[in-house]
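Read through the structures below before going on.
Two complexes follow with chain A in common, the first pairing it with chain B and the second with chain C.
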Partner chain A sequence: MANQNGQIYGLTILSPIIQGDSKDLAHASAIRWYLARQPRDRRSPLARVTGTHQARLVVMDDVVYVGAPACEEHLQSRYLVFETNFDGDLDAYLMRMAAEAHEFVHSVWQHCVAYPGVDDPHAFAAYMKKCQVNTTFYFADVNNKTVKQNLQALQLQSALARFIERHQGEEPAVIQKAFGEFLETMRRAPAPEPGGDDAHRTPQENRPHD
Partner chain B sequence: MTNINGKAYAMNAITPMKWWKTPLLRIFFFVLGLVKPLQADLKNLSFIHFARWVIVPRNGFPHLSEKQPAENLRYDYLLFFSNFNGTWNQYIDAFSAVLSIGLNLIWWWSEKYPGAVPVTPFKEYIGRVQFDTDYYYNSYPRAATNDIKAALRVQDAVDEFAKTSQSLTLGDFEKAYVEFLVKVQPDLGSTGMAPVGT
Partner chain C sequence: MTEIDVSDIQGFALRGYNFPFARYLLLELLDPKPAQRFAGHVIPHVTTGVKWDSGKPASTVNIAFTHPGLIQLGLPEETLLSFPVEFQQGMKARAEILGDTGKDAPERWDDAWQEDRVHVWLGVNSRSQEALEHRCSEMLRIADETKGARLLYAQDASSIFIDKQQTSKEHFGYTDGFGNPDFKGAQRDCVPGQGKLTADGRWEALATGEFLLGYADESGELPVAPIPHLLARNGTFMAYRKMHQNVATFRRYLDEQAKRYAPGTKEQLAAKFLGRWRDGTPLELSPDRPDQSIVKDPNRNTDFTYGADQGGARCPLGAHIRRANPRDAFGFNGKLVNRRRIMRRGMPYGTYVPEGQPVNDKDERGIVFIALNASLFRQFEFVQQQWIQYGNDSLQGNDNDLLTGNHGGKGKFVVQGTTDPRNPPFICGALPDFVELRGGDYFFMPGLTALHMMAAGTVDPR
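And then the complex of A and B:
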């Protein structure tokens, strides 16, 4: 199935946004204003939805006119695009969205047509599936590891580099003992939080466009 | 608008296609999905975490209520979403230089597509059909996809060495530790900020 690559699922949602008349921007603007205020690091609502590798939300205002001789045409609704790459099963993920990012989901999707609310996770999952468009071709560079496995590997990689540097030139007996302790420390280390920390980012990471 | 989160850039693009061309593109994607060696260049570029192409037929936009006005479109649309490392210019340059044939097979069916080479009109076209991201979340913002693959190789090497490291004699440990270092050396390092680029 094209929505899946290995154990990664690529979900694409197009939720029509409510509009009172053709000039009504209120709901699309409300979504944008809300999203602009949300943290994007470990405090992100999507960091709480277990198994989310990368995800985006986009208000699609219209289709694009590429110039003559193509025809100019316009959408009758704006659409909220939700593109997410996550571990495992679609139904379980949608249920987790409803449970783990309840407030975020409601704040965003309340502006969308036929949104049933999030109190009933089954109804929410059914609604999202009505908004799903199937992926035609899906590429995932690493498709056999969970978010947790990736983060733990990154943590280990960094810690091992420090270990090797610290013990360079020491006697084999010292290194062997220290390596055993290192393995035990890593085994007990809490899993790193997904999403990183915005406090440790540089301004260029927030640059609008290049 | 927030296309960037750490080392990843979220790109969105939409292009119109005449409806009768869509089946041809579907066949190409079907073959691309089936014959893995055809994905080698995409894989070897090694700066794309995830990418997808989604064909939305002209009558395929979700219609959920009588109150929602029905779409009346002539074109089918090809949506493209990518999560890549590096800057927009680097990405488009690399696409044009390495994947031009593949890209042409994908977008040739879209209206006014100029081809992936030369790169200047290609960039102009992408700029025209791209739309910005409003919210972008990345669970490992300080890691490029190459960082993740390197870290996973380190993980495998550590797991393997851990099986025997504590039971070896000192002489054997010394030799095995050096072999272990040689094995993991290319993949060591810490993740961090993306370099400034244009």
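And then the complex of A and C:
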């Protein structure tokens, strides 16, 4: 049961990072500084890649020796770890990455060994698949529902709560009429944008316990 | 059987005194030497956990320090830096985490908290107003004579009296003060509903280290504590919060919502907000009517669980007491809550206005909320942040606690219904802020040995 669970795919990529410097800055450091400057909310470049549930990028320097008995091991290179959960097919997703996060992808992966560039999406997809390792287990935010389904469900949930609050206790016929209008409004409502909703974010969302 | 040294533990950390009157003196410490002298002169007055065989005293005294207070007392830096980070930072710095924003933000707190000079909390509880005055002036005389401390603010608190009878009501009319977690070594047997649940559904006392430093906690480890060990042992951490209650707003809101609440009466809706009828009857035990026979029986009034009420038909999933102490609501025989328990020592302040009489939001009126625990971060802050100011664990999404949450006019509260068409779910929207924070901080309440060391200037972290 690797990688795919229902319509959700869990992708893990390990791309070796080029040893040495680029413009006096280690390639690994260049990735780190670039990533540190990227927004993590709805403006995140990965929020623009359609179907992304969540994604994470980590620069892994080495494996860490943690205690006795001594069994010291090292990686052969530094790696960029890229983990993402998304909807649907792997090839299609990698193509979308190339198209929808073109500049971001290039800024990050240009520091990796054998990166072919992103202008040819097929070459990029083939490269990424070479770097892929099996994902045996991953965090399922909501079981087997696409990003779009999730966002629409959340939108509907809060709108329905408002509807009930407004109309509870009214005559059945009045509620039925209002509900028809409500359904129509919801049908016409634009799909919510991925990447979080700033308007509904509370200050308490700074939560170290999460 | 865990033995604890009750004569070395402050009485306030072991039990609620159940006195009708209290005054919390907030003091600034002056220079270290006089401050130590002040502490030394207070020590003989400090009430310990020793049993009152010859009856209750006329008054009690307990003492606790903020981190700036410990600095002012001249504790060594190595010790000061060994305290947990949240205590070092103090409550103001934790405002975002606690949801103390908007109307609750520190810049809107009472003047006493504005200059960051609150170093000492001296809690005096008493049987009578006279005894209170007497003991407080004695304490202030010590402050004067030793030149060690200066009074910044005196916060009076008192039980609410109705028909001259002391009650455990708070200003919204709820009966408060049921249940504090029992822990090993405290002087009574575990009361049903107050410790932790066992796999076979019984209740037993929690580990001592959940509430006192220097003892094993529920994980079998000693809680994070300052060095040296002797300074920490028998001490505890206290969160002090002055919570103003907008009584007029509460009554108006309850009236308005009750008019639309078809499945029941206004009192039923008030009960749904809290999880208990206003007379104290738990909804889980008596969903349809208050029952004084339950309220008056200490073996029954906290003896309930939520496992058989997963849908919240009796007690709503977001009711205040279900959020603050979810018992078994999250499954696993309640194991997920055993490390998130707090002891409460709160008391109302301000004049009580009976139901039906004119009342406004402006008058000084509310509750001094006091929580004691071994870890402010793991216990008080977690409960406040995750269960009060957020609803995910109780399946309430972003909904905050109706009564004490920070809503800013946007929140909602769901009263779950049943499949009976006469009992549909009910949604309370546009929640106003019923409670506003007016000040507070984190305090360390040391044991007696530690107090002596602090007063003598002999705290040695090496």
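Assume the second predicted complex is superposed on the first by the 182 of 210 C-alpha atoms of A that agree within 3 Å, B and C clash if a C-alpha of one lies under 4 Å from a C-alpha of the other, contacts with A are read in each partner's own complex, and residues count from 1 in each chain.
Please note the rule applied: a contact is a pair of C-beta atoms (placed from the backbone, for glycine too) under 8 Å apart; a residue touches a chain by one contact, two chains touch by 3 or more.
Since the model is a prediction, treat every value here as computed from it, not as a measurement.
Colleague: Applying the touch criterion given at the start, work out whether A:Val118 contacts chain B, chain C, both or neither, answering first, second, both or neither.
Modeller: The answer is neither, since A:Val118 touches no partner chain.
Colleague: Using the superposition on chain A described above, determine whether A:Ala98 touches chain B (first), chain C (second), both, or neither.
Modeller: Neither: A:Ala98 stays clear of chain B and chain C.
Colleague: According to the stated criteria, A:Ala161 is in contact with first (chain B), second (chain C), both, or neither; which is it?
Modeller: Both chain B and chain C are touched by A:Ala161.
Colleague: I'd like to know which partner A:Leu151 touches here: chain B for first, chain C for second, both or neither.
Modeller: first
Colleague: Please work out whether A:Gly169 is in contact with chain B alone, chain C alone, both, or neither, and reply first, second, both or neither.
Modeller: A:Gly169: touches chain C, not chain B.
Colleague: Look at the residues of chain A and decide whether chain B or chain C touches more of them.
Modeller: B
Colleague: Identify the overlap between the chain B-contacting and the chain C-contacting residues of chain A.
Modeller: 157, 161, 164, 202, 204, 206-209
Colleague: Chain A touches which residues of chain C in the complex?
Modeller: Against chain A, the touching part of chain C is residues 96-97, 99, 101-102, 260, 262, 381-382, 385-386, 389-390, 397-398, 406, 412, 414, 424-429.
Colleague: So in the complex, the part of chain A that touches chain C is made up of which residues?
Modeller: On the chain A side, the touching residues are 157, 161-162, 164-166, 168-169, 200, 202-204, 206-209.
Colleague: Mind listing the chain A positions that touch chain B in their complex?
Modeller: 2, 8, 10, 12, 14-16, 31-32, 35-36, 38, 40-41, 44, 46-47, 52-61, 63-64, 66-67, 70-71, 73, 75-77, 79, 81, 83, 85, 113-114, 127, 130-131, 133-142, 145, 147, 149-154, 156-158, 160-161, 164, 172-173, 175-176, 179-180, 183, 186, 194-196, 201-202, 204-210
Colleague: Which residues of chain B touch chain A once you look at their complex with the stated criterion?
Modeller: 1-6, 8, 10, 12, 14-16, 25-26, 29, 32-33, 39, 42-43, 46, 48-56, 60-65, 67-75, 77, 79, 81, 83, 87-89, 110-112, 125, 128-129, 131-143, 145, 147-152, 154-155, 158, 162, 165-166, 168, 170-171, 173-174, 177, 181, 184, 187-191, 193-194, 196-198
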